[in-house]
Each structure stands twice: as C-alpha cells, then as structure tokens.
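Remarks on the structure that follows.
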C-alpha cells in the first residue's frame, strides 16, 4: 500500500507561534486516517497546508512519491485533494448546483457553462447522499447541516483522490452522519485516501483504520486505530491522565429564576415552556436544527419572538433587547464563538469588559486602569493563558477564547447563565475545566441553561433535560430518568421502548 | 494591531503604538508643520495660520462624526450634500425674513433630520450605508438645488460672517477654534474614553458579537448618523457665513476629501480600527501640504496627485512592511532548517 | 510655467469652451444695485496723474479656473501687459470654478505680498472678505470678467456695457429670425449675474415694437457645461418644433448648441447666435449653422486689467470716477461710475470677417 | 433511503426565479411608464432624432456601467472611472490632434489600453497591496485627475483640431444605429454573456458572494480580480474615446464626477453593492433609465434642478426594492424548508 499523499517533516509558524513542528504521516489509498489532537494542536494548520492555503515553512508534501509545492488551493485541487472545512465555505448568492460545480463546471462546445449538465450532476450527488436539496435554490438560507451536505457533494463532484474532512459532522444529525459515513466508506473502498478530523471518538473508531495524534503542534504517534483504546488516545492527546470528565457537584436547588411560557417564533419554534431554578443546570437537548439555540437567543433577546412570555426573577422581560436581559442578570455564552461571542480583532481586555463598560465607567468616562484590573482578575480566575491583555483575542487558542467569553459574562455577576455548546471545538483538558467551572457556579447558586449536542455532556452535567424536537418541547426528563436512549428517542420522535 | 483601538495615553511609548499608522501620521504632521514653518516663506505667520484653520475647518468638523461612523464599519457620503442643503436652506430662510438667530439652530436641526433619514435607511431597513449615502448624496444635493436653484444669497449680517472669519479679540487665534477644539475634544472623549466608544470599536469589528454583548448596535449607529447630519448642518452654516454666500453647490465634493483625511489618519475602512488624534493629524497634514504647496506656487493639480498617493500609501505602506517582515521571517526559518 | 506659450497657442485656436461666458462678462447688474459712493478704497489717498508706473510690480492673475481657454486668452493679454510694464506676472487658480477654492488662492496671494490681484470672481460675495483683507494689506484689487461686490475691489474691467450687449443680442436674433417667430435662450447658470443682466436688457428690447413679432418661448441653462448645454439644446428643439433662433450669451452654450444643430437634422432650420469665440465658431460659421455672433477680444481685457492695476498700484489713479490713464496700445481710458472701466463695444463676426480674427 | 424524488420546480423556487426577474423587469416597466408619459405630453420625445440623442447620451454611461458592474459584483468598487475617462479622452484626443491619420480602430484600442493600464494598477494595489478598493480607487481618482490636469494644463483639444473621421464616428450609423450605441450594446451584451455563461464570470460572482470561500475553492482570485479591474478601467478608457468623439471638446476635466453617475446606474440597475448578485445588462438598463429621466425632465419642462433629487430618490428606491426582494426570497425559502 503506497502513500497517495505524504506529509514529511513539515513546520509552520505564525509570527512567534509555532503551529506545527516537524509533523510527518502518510495518507494511503483506500484508508481513512484520523487526525486527532486538542484544539490548538495544529490540526487545522495541517489541513490548510494540504489545501494549499498555507505553505509549510520547512518540510515537504509528497504527492504520488514526488515532492509537490502548492502555491494556492488551485494546485491542491489539481493534485486531487478535496477539503471539507469545519465551517462551510459556500457562495450564498449562487445556486446550490453552481456551488457544487464551481471550478469544474461542465462546458458546452462554445466553452459556455452547461447548466443542464451542472444541475444533473448536483441532483445525482444528492441522490447518492440521500438528501433533498433543490439544486436551483441559492445557498443563502441553507441550514448549517444542509450547507455541510452541499460541501460534501462539492468534494464528491471533484472526483478527489484525497478527501480531507475537518470536523464535518459537528453540525449533522445522526442520520446524516450515518449517510455521510456510508458515502465516505464507499469512496475509501474505491481507492480514495480519507483524512478525518473529529472530536468524537466513536466516529473515529467507526470510520478510520489509522490515527495520527498531535499535541502542541508536534507529532505524537501514528498507529492503527484498533491498537488504541479511546483512553489511550485521550491520554496521548492531553499528555496526562484525565480525572472525571463530568464533575457534577451536588447543589441546593433554589427559587425559580427563569420562567419561559408559550414562547413561539413563526417557522422556528412554538409553544416552548420551561423553568430554571437557582443552582440548577438545565440542559436543552435535541438534534441540530431542533431550535435549541434559537429559543435561548430569543430568551436572551438577541432574537425576537412572536408569542409567549419570558419571566426572569419574577419580572416580565422585554423581548428583543439583550441589554435589558443583561442588566436584569442574564448572560449568554453563544454557540458561535468567532461570530457571536468575541470580537476577534479587539484585545482580551476589551472583550472581557465589553458588556460591562458602562458599569466600569465613572461619570460616563472610562479610564484604562480599572478596565485593566478587572480584566486581569477575571482572566486569572478562569486560568486563561495569554501573552498580554492587549493581545487580540484572536491570537488565543479555542479553549482560551472560550474562557474569555465565560469571563466576560461571569464578570457581569449573572443570576442566570445560558451556555450554548460550551465545549464545542475545545480540547479535552479545557473541556473538563469548563465543566468543573459550570458545576461549581451552579453549586454557588447560579442558574445555568446549557445547550449541548453531546449526549455524555448533557447526561453528565444536567439536573434536568428539556428535549426539543422540530421547534417544540418533546420531553422533559429528570436526571434520574435521563439515559442516552430516552433522550435520543425523544429527540428523534420515537416511542420509548 | 489592536493597539490602534486602544485609548491614547495608556500605552504611549510602546513599540506597537509608535509603529501604528496613526502614530506615524501624527509624527509626519508635526514634522510637516515644523518644516513648512521654517522653510516656506510666508507660511509661519499668524495670518497664514488663521487661513489654515479656516481652510481645514469644514473637513475637520465633518471628519469628527465621520471617524466614529467609519470605526463602526459604515460610511456617510452624504455629508457634503447635507452641507449644501443646509446652506441653501439658510439662504432661503434668510430671503423669507427669518432671523439669523432662528436660522442657525434650525439648519443644524434640519441637518440632524437628514442624518436621521440616512440612519433610518441604514439601521431600520438594514441597507448598505455606501449605497444609501450615495443615494442621499444625490438626493440632498438635488433638494438643495430645488430650494435655491443656482442662485446665491449673500447679505448675511456682518456680525456673523465677520465672526467666522475673524480672530479672538482681533488677535491671532481664529474664532472658529472656539467651536473646533471643544467639538474635537467631545468626539475624542466619546470615542476613546466612554462605553459608547468601546461599543463603536466592537460593533465595527464584529457587530454580531456586539449585539450578543448587549450593545444596541442599530440604535447607536442611528444616532451617529444624526450627529453626522447635525455637524454637517453646522458646517453648512459656517461655510455660508465664511463665504457670505448661501449656495446649493457649497461644499460639493467635500465628502471625498473628508473620507480621504479620515483614512489617511489611520482609520480602517472596514471598521474597528483608528483613532481620533490620527484623524486630526490627517486633516491637518493635508491642509498644511495644500497651504505650503500653494505658497510655493505648486499648482493644485500636483496636490491632487499628492493627496491620492498619500491616501493609497497610508494603507499600502503598513501592509508592505508587514508582508516584508513575514517573508523575512520565513526565509530565516528556511535557512535555519537548511 | 514652461508650458505657457504652448498653452496660449492652443487656447488661441480653441473652438470650444468648458466654462464660458460667465467668464466673459462683468457683474454689470451691480451698477444698478449699488446705492452710491465710490469704492471704499484702502488707498484713499489722492491720485497723482503724473506718477510714473512703478517697475517690478508683482501682478497676479486669478481667473475663474485654470483649465479654461477663454481665461487663458484673457490672462495672456495680461501677461503681455505686465511684460511691457516690467512687472512680475503670475497666474494661479483653482481647477474648479468654485468660490471657496478661489478664496484660498487669494489668501495665498496676500501671504506672498503681491502688489496687484486681478481676479475674475466666481461668486461676487464669497471672495469679498478675502479681497478686503488683501486691500487692507495694501494690495490693489482689479476685477475682470465677473465682478465681485463693488465694495471689495478697486476697479472693474467691464468688457462691454450691459446695454450694448443686450441690444446686440436682440438685434442679431431679430435679423436671423427674419423679424418674426419663436426664439429661445440658452444661458450659463441661472444666477450668472452678467448673463442675467444681458437677458434683462434683451427682454426689454424684445418688448419694443420692432421686435413685437418675436416670441421668447423659453430660457434654459446649460450651466456652462458643454454636455449639459448640448443636452439643453436638444431639449429645446424637441419641445419647440417651430423654434427659429437659439440665442446663447455664453461661449460654451453657443458652441455646444452649434455643434448639436450642425450634426442633427435641424441644421439650416434653426439659427444659432450669441456670444462666442471666433476660433471655436469658425467651423459652424463656415458650414452655415451660424450666420452671425458677437464678442470682444478677451486678450484686451487682461491687457487693460494689468494696466489699470499698475496705475492703481503706482498711485496714478485711485479708482474715483473721471480719472484717466493710458493702457498701452489700447489707448486712453476713463474710470466710470463705481470704478468701472469699459473695454469697448463688441465685434460682430460673420462668414466674411471671421478669418481676420484668431482667438 | 436514497429514493427521493428530485424536487423539481417547487413553489418557492418559482417564486425565487420570479422575484429575480422582477428586478430587471421593474426597471423596464419604469422606463416604459416614463417614456409613455413623456411622449403623451410631447410626442416629439419619440421622434427618431430624440431617440437617437437619448441612446447616444446613454452609450458612454452604459459602457462604463458595464465595467463598474463587473467590479461591484466582485464586492469591490471603482471610483477612478471618471478620471480614467478623462485621461483616456485627453490622451486619444492629443494623439489624433498630432496624427490625424490614425484610424478610428486604433483610437479605440488606445483608449482601451490606457484604461486597462489604469485598471491593472487598481487591481494590483487592491490584490497585492491589500488596500481596500474604495481607498485605492479614491486615491487613483485623485491621481489620474491630477495627472490629466498636469499634462493638459489649460489646454483643450477642440473639434476643429480633430480629424473628421473621428468626430463622425459619434454620428455615423450602421443599420440605423449610431456607432457609439452599437459599441455600447456590444459591450453590455458581451460582458453580460461572459458574466453569465462563462467560468470566469461565474467565478467573479463567487468571489463577490464569499471572498474567503473563493480563495478556498481554488479560484484564481488574483487573476480574476485584477482582470475585473482591467475590464472596468478598459471600458472607462473606451468610454473616454466615445466621449472625445461625441463631444469634440476635451480637456483635463472630462468625465469629472462621472464615477457617481456610474455607480448610481449600477445600483439602480440592481447590482448589489455588497457583491455577488445583479446583472450587467441590468446595469446597462440603469444607465438608460438615468439618461431617459434626464431627457424627460427637459422635455417635460420640469425644473431641471429636480433631476438630481430624482436620481437620488431612485437610487434609494432601488436598494430598498432589492432589500424587499431579498427578504421575500428568504421568507419563501424558510417557509419551504420548514415544510420539509
């Protein structure tokens, strides 16, 4: 079995940060290869080098036994490499069919684009993936899951010999993941080389034959998957043993803090009611697209709702006004850190103080000292690792960024903290820290609403679980009632056996 | 890079601050002032400084709210037309017998209303500000023409026209500085030392994240446009009084000069970056160059080229430095590896 | 300014203007508006008619805008005069014909301590404060072409009397229309004081019995923009099918209208007349589009302005009415009411005589 | 599981297609209404001469609008077109003044070349200098105008100094269509087809729709972007030659302030300023509409001062209309998705 593509001793640094240092591994035809590591381990940098976005500082990429130099994504594409990124990269104004065909559109004799053939290709691919998306609709407005499916169709259409998937399943539901894996397996068996990045170990064991583990930009090992247990993998990723992942502390349940009643928004969710008490962690579970984030964003006021009421600490909360919610004592750690949680260009200090600059001002004026000391205190409490407080927050690793978002909201002294996918895309070590933090906050009387797609996290952390399905409450389960099965059945709309 | 967004005075002397473009432009401006005062005959007289201040007044005033707007990632190209419209209205009101004491506040209010219309279109309807204000650029100028045609109204009372062109107590400090300096300080404080200023940078860099942090993005932007309109209205009044001539075409083309000065001052057209001192320096630098070149009998045509080149270079040079640094760094790495 | 000669040459052969007759006429309306008293000169000292013209006078010309062949012809006359007077000639000006940009140039000229500023005001009032500052600094201010408000200059060189031009326009229109029919006016800008004053005179002329069969159907404004004037001419012909004559008292307008008519099927049906530059109009006179138009010699305006400025700066005259001075080859001139100096009557150009003129 | 019928022509899709079409249709309807109303008031508005004049007046604007549309579709803007027109017009005019024998084709090519060079500079600065297009083209707008002024000084090239064959290009017709109009039609349709049916064109749309995704998709962004600016510059240069031939009088201020008219035409024509959508022929229609409004006001004897105000109102109306269409599409799509 020869390597279709080989990464040979590559290094890459950005400024002073060495993202990847001397990493080597091969991708063989007919094999799915997992690349795992904590966030900030350098996986995405490897992906971008293979995609031709970044050029390695040193080391080489070897395609079919000959060293290749990619000057841009076009070269990588020409070498038969297709990449599915973590975040979909579609053209919102173009039709789905065009998105799929971009770069290798079928042409007529006059070298014009053959729209019919283009459409047919898209339809064929969708049938193969078993999804129904109208090839003529614009990509704008597609759900994240649909976008990811179009990305996959795009990769398939390019007849790639090497398929690189950077957390393609993060936004997909179970059925869609199964279908994706079926197609991927078929591709693999036809002789393509697959590189697969995921934080979900069950997916890795289900799909991959070989795994490369990275830590801090360095290569740890490359071994057959069956030789490693999940614990082995985690240990090698983190470099140490992990204590319990879900350190749930028992907390005293207090008064009702949040009361949501009959909340509805046309076409998104309807008739949502639940309560949250002080000291309680309530998880909102459900499939992606069930409307969990949307409900909580409406509660916090960043989105509007059409019907229903939100009562917070006994008072009715004005809708559509995040500042009112904030002043009343609510905080929201949003799902999308880069887009919603942080202002990447601004400094850590500015980000931490953003919701509170009013409170920190004296006579309406702000002077640096107070902002500085506040930011210092909160980042320290959360053990955030950074160079200087004035560094742009974008220079931090994902986990530390998440800590900055948490610091930002904890600094406001909230009575209720909404956390939406609090551990998405952060490494195992930080994940445990976040869990421990949430748990201890609840123990101190904070009410927490957690939206999460990770069942173990939901089961491990929550006192109560509200399961949403297609925009309505499908079930409400106590900690005792909740098992993987009961939650999944409720989420998917099947009767409990 | 984010240092540009930090309030001045906190980390002065830090390398990052000095290397940022607004730092450079401030140094350049001081240099230009010194060199011109020493080397250009007739530049360093108090009368010439008065002329200088009067020449840069309109651009500087409009640049104040414009800086805030561009920091939020939006733009207002209609300012010069708002100026023209208020100028035309001023003439029309005057012809219709209103007193100047009535007209001046009225014009500023009307400027604010015009700004509010921009703000409404941009924030309520969510339209792109570039397109909206290109539209109102034509609309307001057109309305100015409708009001006053190509006519001019000239007979404003000398008490007012004389005040605008005059100096404090007949000395060497122009009266208009009494407006310029306080306004510049107010806008400077708002941008650099208030919660609103912090919010402006945040929404310029990422308005969604700002929204999630409880910042009233739309409302803030709306009021920025109102402020921009009001200032443009004020400048319309000052312009009219300075030239004792209310005309519909007053200040046409000024919007581009203002945007050029703001960008030259180191504000990023994409928002989130820039400082008011940098912008003030940009405005002064352009005015000094213009004044000095003219005193040297260099034609206004050459000035066009200088302005354009400065504008491009103000963004290009920092980029070139960055990319050279990266290339150099990479080459060193490769050599080390080889 | 190595280019001056080249520019002069081209300008002299110019056949169209960008900015026109606003640059060709004085704010003669001022004479009606002013309530009295001579200009409040800074140099109120008495004139010494026998004083010699000083040498080395710094005389600066500030036309409406630099990029205008008509002003180039005018200032070239000024330059020649300054040379004769052994002075220092300078020409500065903005690229656009806006009042505000002229002010900056006046300020610069004050700083440079010129002796005389010869200016064609883009706005009679806007330049006033600056011109007065100049006069306070001892600089003599002569306006040409387009006057400033009367109280802020020492003298104004008027190319012709308002009455004379207005009458001449009415007369030409009558002749070309054959005594009866519809006529229209294509002017510069609606507030161009000189054009408006001529149109006023023209209207009162049209009210006279000999012109009673002429009907002025419309006055449109081409803003002294070639394209706009061109389109306004189009519009006129579309709106008034029976139009016989277009009178355009601005060099831009007449050239644009002539060009449009000569290239359209209206050629031969509609006559064009007004004020124009011979070089610009030669083509249309030759092809029959234009039978007759009028103008003065612009170079002489600049020439006279330079001499008047020098006489003022030398204390020969003070701009009081009745004082006399000699302007080289142009001969003797007398200062009229309100410090106005009139160049002379306009010349009419026809196919017969046009080749004798080259400006 | 894979046996899912292909979703053909769902209601939402039809609605979507319909709404898109209404964008250009809206301009056409506005145009017709305006022409009918004006002609009813003054039938001579529809005379052959009048139509010819309007088309001639549109030609220059339409050529520039086609180029601008290409740049705007890539989510950029080119404010230097007015100055490039001036430079090209002056360059070509002085050349013909000195060498009257130069054939028209060569004049056109020179105009194109001058503009293409200016456009290439814009493109290189935007792409490799990483300077935003608004800043670059604002800068080059000043620079080229300054260069034109310095070069020309106060000089003018006038009709009598230009060769007859050059001037007659603006008036002579082929099959009853004046040459400049023919040039404009060929340009607008040609660019429309390239943008619609060729890979390069679709890649420009893609770049405007999502610049980051375009990089990742392996689109030759540098080449395409510089190409777009070259097209815009070259067409501004071509417009310069048409300007020179049409107006005969050329000095350094030719085309001053045109950039805003051009952007207005493009926006009115339905090209989104945020890139990725709109059509080139829509921009051409926008140019026609603006010109017809100008002529109609003159013919209707409406105070011409209203013209600019109307143009402004129209721009705002156009972007509001786009917004409404976008919202409706989003709603239609959402509704359909929620049924799945």
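Chains: A, B, C and D, in written order; residue numbering restarts at 1 for each.
Note that in this section contacts are C-beta pairs under 8 Å (C-beta built on N, C-alpha and C of every residue); 3 or more make two chains touch, one makes a residue touch a chain.
Just so we're clear, the structure is a prediction, and the values are computed from it rather than from any experiment.
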Of C-D and B-D, whichever chain pair has more C-beta contact pairs: B-D
Taking each chain's C-alpha mean as its centre, the one farthest from chain D: A
Chain C and chain D: spacing of chain centres that average the CA atoms, whole Å: 38
Length of the line joining the C-alpha centres of chain B and chain D, rounded to whole Å: 30
Rounded Å distance, chain B centre to chain C centre (Cα mean): 37
Centre distance in Å when chain A and chain C are each reduced to the mean of their C-alpha atoms: 74
Multi-chain contact residues (two or more partners), chain D: 149, 252
Set of chain C residues in contact with two or more other chains: 66, 95-96, 221
Multi-chain contact residues (two or more partners), chain A: none
Chain pairs in mutual contact under the definition given at the outset: A-B, A-D, B-C, B-D, C-D
Partner chain D, residues of chain C touching it in the complex: 3, 6-7, 10-11, 13-18, 66-69, 71-72, 95-96, 218, 220-221, 226-227, 230-232, 234-235, 237-239, 241, 255, 259, 263-266, 279-280, 282-283
Residue ranges of chain A in contact with chain D within the complex: 51-53, 72-78, 83, 85, 89-94, 98, 102-103, 105, 107, 111-113, 123, 126-128, 130-134, 136-138, 140-141, 143, 179, 267
In the complex with chain B, residue positions of chain A that touch it: 11, 13, 15, 57-59, 302, 322-323, 325-327, 332, 334, 339-347, 350, 353-355, 357-358, 360-361, 364-368, 390-392, 408
Complex contact set, residues of chain C against chain B: 66, 90, 92, 94-96, 98-101, 103-105, 107-108, 110-113, 123-126, 128-129, 149, 189-192, 221, 223
Residues of chain B touching chain D in the complex: 121, 125-128, 130-132, 134-143, 145-146, 149-150, 248, 253, 256, 259-260, 263, 269-270, 299-312, 315-316, 319-320, 323
